[in-house]
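I have a structure here, written as structure tokens, and I will follow up with some questions on it.
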Amino acid sequence: MSRTALIVGTGSGISASVARALAGEGYKLALAARRPEKLETLAHETGAKVFAADAVEPDQVTALFSQVDRDFGHIDVVLYNASFRTRGPFLDLNPPDVQRTLMVCAHGGFLVGQEAAKRMVARGSGTILFTGASASVKGYAQSAPFAMGKFALRGLAQSMARELGPKGVHVAHIVIDGSVRGTPSGREAADAVADNLLEPDAIAATYLNLIGQHRSAWSLEVELRPWVERF
Amino acid sequence: MSRTALIVGTGSGISASVARALAGEGYKLALAARRPEKLETLAHETGAKVFAADAVEPDQVTALFSQVDRDFGHIDVVLYNASFRTRGPFLDLNPPDVQRTLMVCAHGGFLVGQEAAKRMVARGSGTILFTGASASVKGYAQSAPFAMGKFALRGLAQSMARELGPKGVHVAHIVIDGSVRGTPSGREAADAVADNLLEPDAIAATYLNLIGQHRSAWSLEVELRPWVERF
Amino acid sequence: MSRTALIVGTGSGISASVARALAGEGYKLALAARRPEKLETLAHETGAKVFAADAVEPDQVTALFSQVDRDFGHIDVVLYNASFRTRGPFLDLNPPDVQRTLMVCAHGGFLVGQEAAKRMVARGSGTILFTGASASVKGYAQSAPFAMGKFALRGLAQSMARELGPKGVHVAHIVIDGSVRGTPSGREAADAVADNLLEPDAIAATYLNLIGQHRSAWSLEVELRPWVERF
Amino acid sequence: MSRTALIVGTGSGISASVARALAGEGYKLALAARRPEKLETLAHETGAKVFAADAVEPDQVTALFSQVDRDFGHIDVVLYNASFRTRGPFLDLNPPDVQRTLMVCAHGGFLVGQEAAKRMVARGSGTILFTGASASVKGYAQSAPFAMGKFALRGLAQSMARELGPKGVHVAHIVIDGSVRGTPSGREAADAVADNLLEPDAIAATYLNLIGQHRSAWSLEVELRPWVERF
């Protein structure tokens, strides 16, 4: 029986590299995004099925998992990679954008995590991964909403790990502590010499290692940063 | 000119004790709650004005601060104490309740914090306090939503402190690490010998100390727990 | 019966301000330092007895407490404030200096903490305070030894708090996250506008608050930094 | 040119599994212990050279590295795995044992880390690993000395990572959060169903992953615990 994985919030950076790495290990893949048309090339490359879903809409998340059930029969790995961010001077932040940041970063993680957990607890195995950020552990100036959303996601991951670990489900939270090559914040850091940004493929290697961990020695949290990063 | 304070999410525990302590120091008080009728006795006791407001509704938060502006002219201290919590087995959690937990614990904190900050940054002084919980720093099993909400509130407080401190506004986050006497979780812990629960008046003493800190030595975070607490 | 306090590692900054504040509240004071002759003025000002003791020498610590027993009969508050620091490029650090940093920052804290605890556990009350630093929670480049010593002291404080709290002894650790006016690192930061350094008297106010906390709501850890501090 | 590794504080648990895993990847190995005679079987199995060294003695650490220089010419990986622990009621702890705990857990880590760093900084590459414990991040009752030692080691690792990362040296700290099969604390937890203890080979897999990380995405800290562990 093939191993299967679902990535929610698939883009062109970390999630694409994880998709390629999983495909390389023989996983059958489902990739979900709000605008799945951008995933055509990646789907072609990895043999993935592509799904349209907004992770903050409970009905769409439920429907997504039902489709994956029908297509794959079971799910071994779920990665929640969706993110949204508003930033700027605290006094200028726009409440609806702040709310959306909380919804996408955290509530969507809950919705996806719960659907994943329902299936994995029933089978007594599976891996649920959450992509965090520097803002998961440190609230920066001019970036309160992202800190709110990413802190919340970390709290979710901790609670899930404590409850679901003894039921055989591995929950892990990866703190990406730096700018990723090819992303907007990566381009901002464009004084970039070679490999002073996080390489998505190098990040993906650690995601794959987490997925492969034996349950006698699971990690809940791992942080990743480039060698030159000040922290 | 009298010092003034606003407490949002006023109940019968910590916030009532803080209100009494502030009244005892001569503060003019505004107390807000979704159901302000329950605050009559406390208002009588402390001379406070009482306001109805749902902290997750931007319009109501804006209106609340406008009323306080009219009544008090300025605001020295704002305490965000509103909380909501759903808990239970992770697979059984109800998404709307999870969302409400995030909204009340965190988004309401943002809305109130932003209105408070607008006024305090303009004056170059003021104190904004957030009431946290054990769940602010540890995600417990069967309690993912509260961890999400309280982690998010902590992220908010950190970001605000980093940005607003240099503008003269003191932001502090108090981690209440245990059950408070007189609250539902306090009653659960009813095997309670004397003073093995957090006493609201003792908690309030630390809130007052934070408010009184000189800006050359501010605390962002303080945790409080009873002497007998296992942690 | 007078309340009594012992400060080990007394200098001219935080500890002197704490001494003055305690004297102001009527405490009988014992001040210990390796070179007590520098404490003459402070002793005169606070009515304190002065003792010579090297906190890393078990015999001297035991003798110090025996003298305090004889002079005061009992001890309510003990502050461990001794510190030593070597810094520089990691490859250039001198092992004996590194060892001394560990001994003064951490082992001396154990020796003093244990003697204090012996007396306080027997009475079921008392407060033991440890002065930490930014390095207590973050290991900086070019400063590994201080991080080692201050991390270790924080581990000591946590273990002591967990074990001794239920025996009535309050253990608290204060993270001084910035440069203190009048100290060498304070003078380095000499571009100092008014109150952008930690004022020792303002720090001492929080120490006194910790000492005064009711045991139903104790803090283990508090951090202090100036309003303008980047962190 | 063969890759080479040195393990200081080699025993029969984690370090033996790491040695076997490294040997399996073709590493030339040096194993050091205070009593190297116990390493005969492991050395035979892995082709390792065995050295006698007490990690808290600067001269012995220097001599050890000189021997490794002569035998291997260069060193790619150094693991500091030495540990010592005294525990019991805080009032009963014996100061010399507490000091030895600090020396072995932390000062030895510094001595070994500095010798390793001298060689790796010169080459602009290498990996230095430190084995931590639950006590690295939480100070338990009845175990203050181990918390002191392991907190200090974590501070060392953080400082080294911040300073040496930009010089091409990867420093990582692994928090072993549970009992390891085959060790004394593992045997205490002998109600052990299958795989509810940390398996040394599973732990070693994560050490190897850390060693293999690309420098664009390094981890400083990873924690490992068994799926059933309460934390």
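Order as written gives the chain letters A, B, C and D; numbering starts at 1 within each chain.
Definition applied: a residue touches a chain if its C-beta (ideal position, glycine included) is under 8 Å from a C-beta of that chain, and two chains touch if they have at least 3 such contacts.
Note that the structure is predicted; figures quoted are calculated from it, not measured.
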Per Cα centroids, the chain farthest from chain B: D
CA centroid of chain A to CA centroid of chain B, Å: 32
Gap in Å, rounded to a whole number, between the CA centres of chain C and chain A: 44
Set of chain A residues in contact with two or more other chains: 162
Chain pairs that touch, as defined at the top of this document: A-B, A-D, B-C, C-D
List of chain B residues in touch with chain A within their complex: 58, 89-91, 93, 95, 98-99, 102-103, 106-107, 110-111, 114, 117-118, 121, 135, 138-145, 147-164
Chain D residues touching chain A - in the complex, by the definition given at the top: 162, 165-166, 168, 170, 181, 195-199, 201-203, 205-206, 209, 212-231
